[in-house]
Every structure is written in structure tokens, then in C-alpha cells.
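Below you will find the structure I want to go over with you.
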């Protein structure tokens, strides 16, 4: 494999990892605060649609992004209502929201644009354009590093850089700020937070809202960064992969980056090398397609050590009855 | 005249159908230690949690230093100068001591300043009140006693003037409890007001200035400690005269039925919990295991009851039993005639949503006698259950009621009825009277002794020294996974047992608490090492 | 009135079903008639929709997609007065009131394959399919043969999007596949992948290479960037079936290939600058040869394999 | 001393939750410019007022009973099996293999054989997640989701490359031999004068589903195994105390769960399509979650909830047939039903409980 090919595969990895990473960090905030969320998929989808729809109608991708985040946060609010306020089952709420997003996006899209559940193609200012970093062109000539900078690091849409910047930011927020301390505490021992005079409900809603905002970014990236419009079910299971990456990452930001890059890489390889001919037999495309899922299972089977979720995760905080 | 530091007026609180507090009024003067005493479930914790803003009262008013104060949440309580150490600590296990102390009382948005400030304050507090803890240790690596210190530090860090402690001594060795009381006295002398919840009469008499008694959600009396007696308090607590000791004939021990040699157990975290236990229990005797909880007693019961694996030898009636492998589980032990009344009836002994009759065969449900072909003979089981409930005076005697709907004492009777009525050779009993009212305690003690008098071997684990002393025919003391020594009840006392419970085997030349603390520190450090 | 039953992909798949819908719309606007349509959502609803429409007196009932053919054959026997039409299906025996319309997609794909090879400067062209099923291989196979006919050394990169039905609706993956193919040198990519193809065409336009649409005329999606579209005139078939009404001739197979203008390649203002005269002549010549039988494009179905491409 | 009578919890709470879901659904229908009343009438007419409507409703219900029971059995052992979809897919493969490659003399024998095969394959697909959960603590929710994706890939490979008859276009197996065709309701109940269930796909598998309900009820509430499964589900530590092996119960419960999902394929693959197609499960595995939740994991509840969802499916099809409402409306309604009955049930329960409590207090006073 030559350098170009490697760069191309890695380039593809970055693009495929970005939505995973955003969703994974979203899940990280929520689950660190003790709220499990298998509704990442639905939130991304919701945001993908609303960001594309608003970007199309207003012609501004930034308004679209805002709309996508608001829509995603709205779903988060329902999840919060169900799992925080009414102490419902968090998994079920997530499943329901995934269904809701999958149905409602198409329903609204059809009612709005009459194009069979998709938005019209976005053009110009309604899309995120790739950003060329300074000196990318002039440095291209430098051996090895030049192409890496120009082709791999430069030339992505702004949301990619935002996503990668979110990793240190998340780490910093969680481990260096008051909010982060409280957030981690509420996922481990909500009663400790409560008796320390801090609102468990408030913290958890804040975490869920951040989760919504990040899923909003992920969805908007899919529809307005990677693509030029919304197509039904366009998240195609990425929310679930992000969830697996989160477990793989043991709920830690830097590990999340590694996990998402790994899954992105696997997908990039599966896309580029279908039907790998091993001489004795041919690995079918179906196998390559399923590889990320198989690998997740292998990882979960404990070959990377035990992943212990936040102690209060998945359980509603109940002090009376 | 000085204002009371705390005055509660007409506090009521219901949890669904349970009236936990009914129209309670109480006044506590500043600079005093006020005791609250009452049976399990009397509503002590609830009342204090209301004062701390953890629960919201249905009715009633709170006055702090004479001023009416609304306490809708713990934030308000902290602002009013109240600190509370809960019965179950409210600490974040994988945070450090410092992080736990500043949680909710941080200065500014960033942690750095808060952490360095807290470090200084903790140092000062440690000197002022003899409250030393390593600020960078993780909570999960601290002994319970030190965790309690962290809770007290949390309150002091928030500049509490009123400190509430909910059953603080339940988890401590006698020497540690003593040390705690010295700290509390120090705090009182600095002008702080302290409320101490306990159900141990001895402690009330020892340290409090005034005492209130609660019974079934009501406040039955408030008296000066110097003007009352343990007998009077017990009567106020229970509502009738209570026998404070157990009647029993001397034991007639036979040959050893249960022999344990060099038993070792490593838990799932890799920590060695049993470090070579050797014991034997003879027919017709009760062997009591004393110890502060967390020193391997639970693990011992779990191994004997087949819930976990171990190495070493266990012989039942001379026959060795499998300790790992496929044939080592609860079923195999039952087949050998070992019955087990577990320490935790809610999580081990009972399936709370199951009905009484279902619970009365729990663990014995594979017995061929209660099967009808492929199915379970539910009608037969029910009839049998009704008889057992009758005999053990379970109230109400309704086999169709779910276990969770019985009171603690009656739940415990269901477990005992199930295990004792199988007529086992060996009975393992853990904390038989934890969370059980005094009437039921008397009944349960009698049943255990009756079984002993039938010539059965009984291994009793309890953290209540009184219970150990009054029931056992022989006492073994456990500390840190080892047996520190065996004593006969007639030849020992609380002080000696208390030292053994802290791992101190010889009469120390230094002050008691230091000897105890040294042992506990060594133990905590061993565990911390094991955990990494 | 006629009725139309779409296949599972749904009415607005931007290709196959949408072409059927366009045909029906054309029928409605040109004849002033009305029609009824439904997008089924499960396998079992196929039979239900057929029967309900037949009972309600719709005639003819047009269906799209091979999957419904079997059931249609059964149901047709119960409603001898009603005429049934299916696009893409195949039955061992055709009942007298059934018309099966097949398209020679490989022939159309052959032509666009030729155009791709001729337009390619790099000598590498791409094919992106949706779910890996025989029909899609059928498309790819014709495409490869056409390309090889122009340039025996042409490199053809063929990818399938996936194995689940989401493969039809994953434009992101379509994009990545396109990017991957572009990075391997492809400068013309043919997308036969439903909604996923939207992503392929988009990326091709963004990356400034050429793409080829499928089923409907997709040239307008990115004017000047879509080389052509492989037309499968489902719209014409549907329009004609609906217009014929009760007079529709049934009881037979109808195969629409190049000769019948059932398949072809799209030319319009959007792609006129992209298609050179030379290209047009070559393609039209091949078209003629296929029509008169002197050129045989091998169908993937013949023996489940493709002479020009390994899947 | 219960807080609220059990019947109220079992009947009133789901009922009010459904009503809430219905109200929101009506608002959604209004919002897209259609009449909810008309829509509801159409749904009822199409699903319940004709025998053929019932034939569809029961056909869908049969699927949902199986997948609902699948989720319910796992729930009793406190496991959230999201893998019903994949287990049903692979179960379908088992059914197809049995039907295609064994020369059955009669449909009754074929049904038994195919059932065994479907159950075996479905159970087999649940085995690895179960084993990983039991032995290594791998979260069953995630592993079963992954196994759904993997199942789709396996099925795709098998259908495209191995089982597809030569020259067929469809990624599907050949049609099963006639000896394996199951009698439909139409064949069973129609007489010459009164044709019933015409054209509808409901078939004899429905009775199997009912039998499965009864079987699961006996298993869970009358056998030792059921006793142990429930005990394990309520409290893992107590189960260990009683000597109930967590590995054994986890694996057995998941195998049963997978087997039930696998049996769903009898209805779709053997009963309806008479061949195995790519997307035979159509999300029924996920609907099973909602069905189990609404049915409180009790077979009677599962049966009723499956009927409700069957009605939604069939009514929704009728809607799509006669109005311009997109089919995704049904997805939205399902989502709302799951949300209100499964996750927001306390929103109904809390006020209801307060109401009961105040009644009781009033009664005592």
C-alpha cells in the first residue's frame, strides 16, 4: 500500500469517524450523568432532517445547524422527561425515540417538501464547505508530511474540526471544572450530589441537553456537511455504533476518540476493500460489511478488559417510595 | 433565655401509605448533644432527613436559632448551618476525599482553586478535631471509619454549626466509636449542636445531654439523660416492659458437625477476604462470630452457604464437601443438611415480589416432594406454607401476600421458618435480628435456642455484641479475614471482644484508639494495594 | 380507473418507483384520468393491496418490482375481469389477464458503460450498487461489458453499499464509496443504488468528476456533472398500460430493450456539453448492433456470472 | 397494603397511556391536514369489520405474539433482548432449510420439523450473546443489536450466494414444496357459500402462537425453571443464595427467547411467503419489545398487545391504501405507544396512585 492509499483510507476514516465521535461524546455526557441513551440514532436523524430542511428554506447552513441542534435537544428533553422526571425505563424511552424520529422525519419531510421523505438538494450557502487550512497547497510538495497535511488534515468541513476539538474540551470540562465534577458525581452517586445541595434533576437535564446538542452537530454534519440534504434513515445505524464505541472507550473522552477512529477505519477499509481475495478463498463483502459489528462483539467479550459503566447508570434516582 | 438551635413543630411525613412521621415537635438547645432513640423504622432517619432537606415534610415548621426557616432542599439546610452524616454514607466511591469534600461547595467554576483551598482547610480541621484522613485517597480504599470521618469533614467544611449523625456507631469497633464520641464532645465544647441517632441505649447514656424517644412515627418523650435510665428508655421505645437478656439452659455439645480448615477466599476484585479460617461447630452448640462488618464474616457465610468458591477444607459430619466445581452451590449445601439464614433478607433471603408461599420454598424449590410431574405442586406448597406461617406466628398469616408487604420482623420469620422447619443439621445465621422489632427479636432468639437444644449445630454471625454475648455458647472474633481468638462468653467482656474486633490481640500499652487505628490503617492499606 | 402499487422502496426513490409514478402522473395529466396508488410497507401487504384494488374495481392494476410477481399470478386467477401488469417480474406461466414487462437493463447499462469508458481520462471507472442482489449485478455486468468493448484495458471498480435494506438509503456511504473509487482513479461513476446514489452523484459533482444516473433521467441533479443516465422507461410502460385501460393486451411477457426504447441513455441540455459527437456515434452504432442482433450483451442472469466483471 | 390495586396497575395504566398516545397521534394526523376521525374509522373498518381484515390483523398479531413472548421471557430473567429481529431472521433460515431440503410427507409433520429448525436456529443465534452476558458480562443490549446487523449480513450472503435458485432475480429461496404449505384461515374456515378470510395471510401458525402463549404461561408460572427464571430476574444475589446458576438461567432464558423469535419465521416464511425472502422479519423483532412492555411480560398481556399492534399495522395499511397519509404515520403511532406505555407510564401512574390513595383515605375517614 502506498502513502496515497493510506492517506485516502485515513481521510475516509476521519469523515466516517466524525459523526460517530460526536454521537459518542454525546452519549458520554449523558451516561456519565447516569442516563443511558440508546436514542442517539434518533436524535442524529432528527437533527439531520431539521438542519437540512431549515438550511434549505433559509439558505443558511448556520441556521440549519441551529435548527438541527434545537430539534435534537427537543428529543433529549422528552428523554429527560421520561427518564428523569417520570423515572421511566431509559432503554425503552430510547427505543421509542428512535422509532419516533424515524417516522416523524419522513412524515414531516413529505408534508413539507413532497419529495417522498427527503429534502431538496442543498446548494451553496446551505451546505458546509470543506475548509482549506493555511499553507495546505504550498506545503503539499513536502514529502510525506506535505500530503498528510494537505489531504488528510486540511480539507474537511468545520464540523470535523469541531468534533475533534470536542475531545480535549470534553476532557477538560469533565475533569477540570466544577460542572464536570458534579456531572461525574451524579452518574456515580446521585444521593451524594443531592445531599451536597446540588440538584440531581438539574444536572441530569443539563447532561441530557448537552447530549442533544452534540447529537445535533452529528446529524447536521451528516446532512449538511457530508451530504447535501436529508434522505430517510440516513443515519443508518451509526447511533448504535457510537454506543458500542462508548462502551469500548469505557466512558472516557480520549478513549472515545480512539474507539471512534477505529470504527471509522474499519468502515473505511470495508468500503474500500470488498471481497478481499485471500488466495485460498474470498472474504465476501457481507463479511467486511459486518466486520465492525463482529469486532464490537469481540471487544465486548472482554478482550480489552472489563468496561464498568457509571454506577448509577440506567437507574432513575428515587429517594422516596 | 437562649433560643433553641433547632425547633421542629408538627412535622408529618408519609411515604405512600406509611406514615413515617406523625406530628413531631422537638427542641434542641445549642451546644448540647441530643440523642434520638427508637426501634427500626420508628422514623428517626426520616425526621432528620427532613431537617436536612433531603425529604420534604407534608406538614410542619422548622425554626433554626429561633428563626422560621424553609428547607426545601439540602442547599437550604447547608446554608442554615446544618450538616448531616447519613446512615448510609453519601460519598462518591471513585472520587478522592478532597473531591468528595468540595462537591457542591466549590469556589468558582474551576476545580483547581477549590481543591487547593480545601486541602488547607482539611489540614486545619484535622488538627482541630483529630480528624485525619489522606485527602488524596479514593473513598473505596478507605475503611468505613475513615469514610465516616470524610462525611464529618464534609459537614465541617461547609461550616455546619448543627451536626446530625445517623447511627454512626453501627459500623465502628467499640474503640472507634469511643474515639468518635471524643470528637463529638470536642465539637460540642466548641459550641456546635449535635444530634445523634442510635438505638443503642448504652451510647445514649454515655454521651448525650438530652434524649428523645420515637415510636412508630411519633415522638413519645423528650427527657434529660441524667434523669432517666436504660430500662425507662427501653419501655418508652417499645411501649411495654422488655426483657433485656435471653433465657437459656447450658449447652450440651456433642461431636463436631461442621469443621473448617484453612479456608481462603479471594473476591472478584482480587482481594483476599478470608485468610485461612479454621473453626469447628459441635452438635448442640451455638458458635457466635463477632466482628465489625466487612471483616470477612459475610464471605464466610457465603462460602459455607455455597454462594462463592474458596480453597481449604470443609467437612460436614466428617465428610468433605466440594468448594469450587460444579457441585458447589446453595443446592449442594442444602442437600448436605446445611440451612442458611442470610444476613441480607432483602437481597438474598427473599424474593420480595414473590408471595410468602413461594418464598417458603425458595432454595428448596427443586425438592421432588413438591413437584407434580413437570409442574410445581403449588396447592400443596401453599397448604404447607400456611402451616409454617402459623407456627412461626407470621403476621398476617396469609401465604398469598407478597413478601415485600410484610414488616421486617415478619419477613425474617418467613426466612427462619423456611430454614428451621427443614430440620437441618447445621444452621448458618447472619444478623438474625437486624432491622427487627424487639418483640420479634425475642421470638427469633427463642427459636434459635430451641434448635440448638434439639442437638443441631449453629453458626451465628452478628455485629451486635450484645446478641453474640447473650446467645453464643462459644465466641470467635473475626478481623480482616482471620479468627483473632475464641472466648467463652462467661470469661470475656465487651472491652476484650472490642479489641479483638479491631485486630488487637494483646493488651496495648498505648491509648486504645491508637492501637485500633494502627490495625485499621494497616488493613486499609493492604486493601488499597490489592485494589490497584 | 387504473391503480399502481409501488415496491417496498417507496414512491420517491428518485429512480425506479419514481419513474412509475411519473408515468402515472403523465397519464393523469394527459388523459385527465385519475388513478389510485399505494406504497406497501410489508411483504404481506402486496397481496392485500392487489385484492383490495381488484375488488374496488380498479383496472388495470400496475405493480412494480419483481417481488410481487408470484402473488400477482395467484391473485389474478381470482379476478379474471381485471388486468394485472407487473414491471420487472417473471413467472413460469403467465395467466391470461397478466402482463409482465421486463427491461433489458444490461443493454442500457452497456451503452452508458461505453460512454463512461470513453469519457474517462484515467482509464478507471466505477460502479456503485445498492444492496448486493442479482438485479444490481445485472446492471453492473452490462456496464462492464460496454466499457470493456471500448477499452479492453479499462479498470472497473465495482462496490456494493451493503447487505441490509439500509443500503438503498445510505448516501453517506455512497459518498464514501465514491470518494474511495475516485481516490483509486475512477473519474466516471455509475450509481445503481436508489437513495444511496444521491450521495454518489453529489460527491462526484463536488469532486468534479462525472457520474451516471439510473432509471430516471437524473442529469438535472447536477447539470454538467452527470454524464448521462441509464434510462429504464418504467414511466412509459406505466403510462401505456394505464392509457390502454381495459384494452390492454395481456397473457404475455413484454421485453423492452433498446429496440423498443424501453432502455436507453439520457440526452438533454444538462449533459449536452459532456457528450462528444464521437461518443454519440459510437454508442448509437452499438445500439443499432444490439437491436439488429449482431452484438450480444450477456445478461448476468444467464448463468449467474458476468464475463466482464467479478463481483 | 398495596398502594394501588393490581388490576388498576395492569389495566388502567396501559389504557390511559394508550389514550394519551392516541391523542397525540390524532394531533399529528391533524397537523398533516387529515381528519383523525376519518382515519380512525378507516382503520377500524379495514382491520376489524371484515373477516379478511381480521385475517391480516391476526397474521401480524401472530408475528408480534412470537416476538413479544421472546422479549417477555428474557425480561423475566431481567435481560433486554433487542435481538429478536436477528433471531427471527436466522430462525427463518432454519425454517427454509427444513422446508427445502427435507422431503416432508405432510404439512403437519413439516410444521413440527420446521418449527424445531426455526427454534433451533433462533436459539442458536441467541446463544453467543447469552453466553457472553453470562460469562463475561458483555451488555446483552449491545451484543444483540450487533447480532441483528450480523444476521442481516449472514442472511444476505446465504440468499444471494447459496440459496437463490439459478437465474432468479430475487434474493430469496425457491418456493417451498407443496407438502410444506400450511393451511390458511381461508382454507380452514371458508365454506362454499360463505367465503371467509379471503386472500388474507393468517394461517394455522396463529394457533401455534396461542399455544406458545399458554406454554410460556405454564413455563413461567408453573414450573421450577420458570420459578428460577423469575427469581433470577427479581434478584440475582438471592438467586445465587438459592443455588440458582446465573449462567444456566441466562443461557436458558435467552435460548427460549431466541427460539420463540425463531418460531415467528413459521408465520412469515412458511405460512405466508412460502419461501424465505430477504426482509421477512420487517421489524417485528422491535415491535416485540413494545408488545412485551405493554403486555407487562404476561402472556395474556402480550396476546392483547399483539392484537393491538396487529390492528395498527393492518389499519395503517388501509389508511395508506385509501388516503394520502404516508405509511410512516404508523411508525410514529407505534413510537408514541411505546413511549407512553413503556417509558412515560409513571406520568399516568403517579396521579392515578394519588387518586386511589385519596379515595382510600376518604373511605377510612
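Note that the chains are named A, B, C and D in the order they appear, and that numbering of residues resets to 1 at the start of each chain.
The rule is simple: a contact is a pair of C-beta atoms (placed from the backbone, for glycine too) under 8 Å apart; a residue touches a chain by one contact, two chains touch by 3 or more.
The chain list, named the UniProt way, goes like this: A, D = ABC transporter permease; B = ABC transporter ATP-binding protein.
What you see is a predicted model; the values in this text were computed from it and never measured.
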{"item": "Shared interface partners, meaning chains that touch chain A and chain B", "value": "D"}
{"item": "From chain B, the most remote chain by mean C-alpha position", "value": "C"}
{"item": "A-D compared against B-D, more contacting pairs", "value": "A-D"}
{"item": "Whole-Å gap separating chain A and chain D, where each centre is the average of the chain's CA atoms", "value": "30"}
{"item": "Centroid distance [mean C-alpha coordinates] between chain D and chain B, Å", "value": "46"}
{"item": "For chain B paired with chain C, centre-to-centre distance based on mean C-alpha positions, whole Å", "value": "75"}
{"item": "Approximate Å spacing (C-alpha centroids) for the pair chain A, chain C", "value": "35"}
{"item": "Set of chain A residues in contact with two or more other chains", "value": "117, 237, 286, 289-290"}
{"item": "Residues of chain D whose C-beta touches two or more other chains", "value": "149, 152-153, 156-157, 326, 330"}
{"item": "Multi-chain contact residues (two or more partners), chain B", "value": "16"}
{"item": "Pairwise touch network: line, ring, star, complete, or other", "value": "other"}
{"item": "Touching pairs among all chains present in the structure", "value": "A-B, A-C, A-D, B-D, C-D"}
{"item": "Residue ranges of chain D touching chain C (in the complex, touch as defined)", "value": "52, 56, 59-60, 149, 152-153, 156-157, 160, 164, 166-172, 175, 198-201, 268, 272-273, 277-280, 282, 313, 316-317, 320-321, 326-327, 330"}
{"item": "Chain D contact footprint on chain C (complex, rising order)", "value": "8, 38-45, 47-49, 51-52, 66-67, 70, 75, 78, 88, 90, 131-135, 138, 163-165, 301-304"}
{"item": "Residue numbers on chain D that touch chain B, as the complex places them", "value": "1-3, 218, 222-224, 227-228, 230-231, 234-235, 237-238, 240-245, 353, 357, 360"}
{"item": "Partner chain A, residues of chain B touching it in the complex", "value": "15-16, 52-55, 73-79, 84, 86, 90-95, 99-100, 102-106, 108-112, 114, 154"}
{"item": "Residues of chain D defined as touching chain A within the complex", "value": "28, 31-33, 80, 82, 128-129, 132, 136-139, 141-143, 145-147, 149-150, 152-154, 156-157, 161, 286, 289-290, 293, 326, 328-336, 338-339, 342-347, 350"}
